[in-house]
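Below: one structure, written as structure tokens.
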Amino acid sequence: MNVLDPVVLFFVLGVAAGLMRSDLRLPSAVYDFVTMLLLLAIGLKGGVELSRQPLAVLAPQMLAVVGMGLLLPLLAYPVLHYAGRLARADAASIAAHYGSVSVGTYAVVAAYLSARGVAFEEYMPVFVVLLEMPAIVVGILLARGWNAQNHWGELGREIFLGKGVVLLTGGLLIGWAAGAEGVQPIGALFFDLFKGILALFLLEMGLIAVSQLGDLRRCGLFLAGFAIVFPLLSALIGGGLGWALGLSMGGTVVLATLAASASYIAVPAAMRMAVPQANPSLSLAAALGVTFPFNILIGIPLYHAAARLLYPDGA
Amino acid sequence: MNVLDPVVLFFVLGVAAGLMRSDLRLPSAVYDFVTMLLLLAIGLKGGVELSRQPLAVLAPQMLAVVGMGLLLPLLAYPVLHYAGRLARADAASIAAHYGSVSVGTYAVVAAYLSARGVAFEEYMPVFVVLLEMPAIVVGILLARGWNAQNHWGELGREIFLGKGVVLLTGGLLIGWAAGAEGVQPIGALFFDLFKGILALFLLEMGLIAVSQLGDLRRCGLFLAGFAIVFPLLSALIGGGLGWALGLSMGGTVVLATLAASASYIAVPAAMRMAVPQANPSLSLAAALGVTFPFNILIGIPLYHAAARLLYPDGA
Amino acid sequence: MNVLDPVVLFFVLGVAAGLMRSDLRLPSAVYDFVTMLLLLAIGLKGGVELSRQPLAVLAPQMLAVVGMGLLLPLLAYPVLHYAGRLARADAASIAAHYGSVSVGTYAVVAAYLSARGVAFEEYMPVFVVLLEMPAIVVGILLARGWNAQNHWGELGREIFLGKGVVLLTGGLLIGWAAGAEGVQPIGALFFDLFKGILALFLLEMGLIAVSQLGDLRRCGLFLAGFAIVFPLLSALIGGGLGWALGLSMGGTVVLATLAASASYIAVPAAMRMAVPQANPSLSLAAALGVTFPFNILIGIPLYHAAARLLYPDGA
Amino acid sequence: MQTETRKLLTVICEASLEARVIADVERLGARGYTITEARGKGGRGVRDAGWDRSANVRIEVVCDAPTASAIATHLRDHYYEHFAMILFVADVEVLRAEKFGPGAGRGLP
Amino acid sequence: MQTETRKLLTVICEASLEARVIADVERLGARGYTITEARGKGGRGVRDAGWDRSANVRIEVVCDAPTASAIATHLRDHYYEHFAMILFVADVEVLRAEKFGPGAGRGLP
Amino acid sequence: MQTETRKLLTVICEASLEARVIADVERLGARGYTITEARGKGGRGVRDAGWDRSANVRIEVVCDAPTASAIATHLRDHYYEHFAMILFVADVEVLRAEKFGPGAGRGLP
């Protein structure tokens, strides 16, 4: 039975309300609250699982995933700069967004798979954390070249100490230190409410996605096309990597989705500081206005269907 | 055993804190959050139930309820304008408030009945949505007459796209589309926490009710009397209608309570825009300062007791 | 097995993020929300238990606890004023903070004991409420002497009607009126989520603690030392009193912790109004920057270990 | 520092008017605006932002004198009678004067 | 546009003073005020609004010059010594001058 | 009432610049600042504070004229090109003038 996922319906409700110009908004304190809960919950869950894994198994996977994070922006940049004729800074910034990952999209794919009873490696949040960073570094290098003025120390602070990364990593470490039994008393807030909180988050994301449409119109067709086609390509790479690493089918779907997703938390903040001449409207319009909705509504089921072909036995 | 309902005690706490001039307030972002959760929860619950009902059964009930929504302001207006000597705009605006419904009062009556194990038609939120609107239209017509300058299109937007109506209707549609099984994963947030969230909401409503008392004093005795007597009359009409429609006893209590309640979300916003010359303090002081507390503390148990007489078999 | 308590790890995360100058903050509306939930939850739990206790048993304990609240600031003042050479107003204000209690610390010790399966008298929140007040009165008298200009009426309002006290007392009364069965429907919000909410609260407290360090440095070594040594002394007094009153081992640990904790909600507000010439940075830096972290991380386990020596049979 | 004088128009009004006032401000020629949430008290009583209906907004517009004058007149004519609203105008020096309209910063005409 | 000059008095102070300052402002003759939440830094250190004790409020009062002067003097005398507070006064042009007190807009007396 | 004139510099900019602007303001000699959350619209589009990336802050600095001038020039040179930002300067009368820098309140130099 193919239940319409209510979590996704909240996103649709947000989009509909936005298109009809309702005055519906999550107050920004509530949006922050909801985001914090999601980041901590994802981190905690990943950390608990991490405490069960021998590092020897994970280390090669982690390396491979970081490699993917370095590769994706290098693929995106020439497309944007040469085919799309975007200025160097803009192309580099958008490439960084698409090389990194969206935590919200991760939350949706995790909810999607668990609703369908598809198992996946629960330590995936580790990859979410790892994938935040490399694309930012590549993006900055693409925009500014390698030089001493890059103030890597200060940039490192911006990147690693942004609240998104701190909450995700902090949750991961707490989950890892406390273990499954230890986090159980706080599970009612972080785990039981997860999907409800995700629903509220997606409601607001729907409203935000619509608010990007004006900017998107100004950006032109090329960017809108890129925001759909490049994720499909990334999903192929991510899914292929998952398969090659011997992940379960669920894990492959997750890695494909992570690859296909575009950051809108850590990367925008870092790029704004490191590459201020890049127009932030372009990357946000593409990431939030096109890629996020595309992944939520079409991409995830698509990657799932494709993975089924790769895994004829079902896992 | 007649347990003192803790949800109502939170309202009393709010009133007490307000009267003693405590600095207690819910931050407005938290008030918005709490209201959003209530609206979505009520909508979701109603929608789930709606998906189980044949429309053929509901349609006549829905029509009758809309009829009641048109009738009540027509009854209230002459009382206010002629007996109460209120200006036309003020009388029309207050009539619209009392013809419409209060979602908070609905939440309390639902909690009240479920705490006492009294069943009622769970699709009642449909009536809440339906009753929001007709009284607004009647109110505007009473204030301005029928003329081309009414900009019904724009007014329609104000009414239908206010965030209260969007969340309630959106929840209804999501619940209807997802069904009981579909909404189950988000139930921990929207259903399990419902009464706790309602308690917080009522705490703030108690504070708000007290803050209306100053305005109320200025409005005079007539309005305060109206704010108690008219709801009693409306409850009679609503209860009678529920009985005539063949609702269960619980359903009759709910419809009586809806009829007796006065809007303070959708209607004030709509009236402010459509009939700006009406003084909003009058209607809010009556609805929030008198009718809401009256219904919460006295009305609901009263309508329940009265309904028991109508339904000697207990349902 | 000595599980690392995740709730405390959240505090450590806050401290770490603060020290690394992350931009992580709880929005102030969320901090308020979290604090309100904790205060209400603590009050409700205490009230439910109170409804089970004969007053005759409690009254002498309550009196003794109030006596402790009067004694502690009288002990602290001469140390601060004569040994520490702090101005009269400053010494009196700090003494009031340390004579009163910290609700956050209470929440942590309650979570700590329940995680270890150690029972304690669940009506302890009554003592939390009682201990808020006496130290304030003593502090004001120490600072200003007894004179007619003290406007005790107005000060009483500030103290008793501050939102912290209203929520705690209100929760207590509601819990007491509704009883265990009555509060059950709102338990999902107030009880099940308690530890998760406490974790968020401690995350922010960690950030706040770090933000006090600058002020602390300016205050000098004496105050930092006082903020550790005096709580140890207070814990001895509180623990001794608990033992003398015949409390369980858990209850003795709680009373020791309460004595050792320093207020940062009710007292700062009251002192600001009553003794404005006292520098609020001093007391907050000591209470939040030193004593709170000390109690959370070291004090509570220490008081627990000490109590075990007093109660060789384990309770 | 090369500066020019412009007008800073500040409008404080009930939050439900925000969308309309913004539309008017833009239609009458302002090139931007800034909004902060506010509460307060005036002839129409306390508006304490506790909930939607009772919040205020504080809208600032930097523009040339004729635009400020046009906006102020329009708001007075359309909203003063029935809505909670005040407005006031001050002289400010700006750096990128062209951002805020062409007019020279003469006193209100 | 028919305008008159009045004073805009802006007070920034710790949030715990709000009720008292408002009471003073009204008692000294102002007919309204507007409050926004703020944070900041001054002689008494950083006040970053993270939690109750450290928030500021920003209170604006439009009034005639004598009232502004009376309020400013009163606040200085009663709060400057022990509380985080600054205040400043500017000239503004208003439309419905009678709303803000009778006095003509002469410079501070 | 004994007052002196100082400058009130108001900067409205994207929230992500806050830490940098504050650092600049302090380095260039201001002795305090006040921040309020804001949203708005300008040449770089709507910034509606719905979420982090799109919020503005409104920073006020009371200082002497040379400091105001130095800050304004610095901000223009470093941020105007790539960031959402406006600023304006007004004259205000203050009570404890020494709090806000030594300079007498002459017009911008």
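Think of it as A, B, C, D, E and F in the order they're written, each chain with its own count starting at 1.
Just so we're on the same page, a contact is a pair of C-beta atoms (placed from the backbone, for glycine too) under 8 Å apart; a residue touches a chain by one contact, two chains touch by 3 or more.
In this text the structure is predicted, and so the values were computed from the model without any measurement.
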Legend entry - Joint neighbours of chain E and chain A, given as chain labels: C, F
Inset, instruction - Please identify which chain has its centre, taken as the mean of its CA atoms, farthest from the centre of chain D. - result: C
Inset, instruction - List the interface residue numbers of chain A and of chain B, divide the shared ones by all numbers used, and answer same when the ratio is over half, different when under half. - result: different
Legend entry - Chain centre separation (chain B, chain F; CA means) in Å: 47
Inset, instruction - State, to the nearest whole Å, the distance from the C-alpha centre of chain B to the C-alpha centre of chain C. - result: 41
Legend entry - Multi-chain contact residues (two or more partners), chain C: 23, 25-30, 32-33, 188, 192-193
Inset, instruction - Pull out every residue in chain E that's touching 2 or more other chains. - result: 36-37, 90
Inset, instruction - For this structure, give each pair of chains that are touching. - result: A-B, A-C, A-F, B-C, B-D, C-E, D-E, D-F, E-F
Inset, instruction - Going by the contact rule at the top, pick out the chain D residues touching chain E in the complex. - result: 10, 12, 36-43, 56, 58, 69, 72-73, 76, 80, 86-90, 108-109
Inset, instruction - Please give the residue numbers of chain C that touch chain A in the complex, ascending. - result: 3-7, 9-10, 13, 16-17, 20-30, 33, 111, 115, 188, 192-193, 195-197, 199-200
Legend entry - Residues of chain B defined as touching chain D within the complex: 25-26, 28, 31-32, 204, 207-208, 211, 214-215, 264-265, 268-269, 272-273, 276-277, 280-281, 284
Legend entry - In the complex with chain A, residue positions of chain B that touch it: 27-30, 32-33, 36, 44, 157, 161-163, 166-167, 170, 173-175, 177-179, 181-183, 185-190, 192-193
Inset, instruction - Show which residues of chain E lie in contact with chain C when the two form their complex. - result: 14, 16, 44-46, 48-53, 55, 81-83
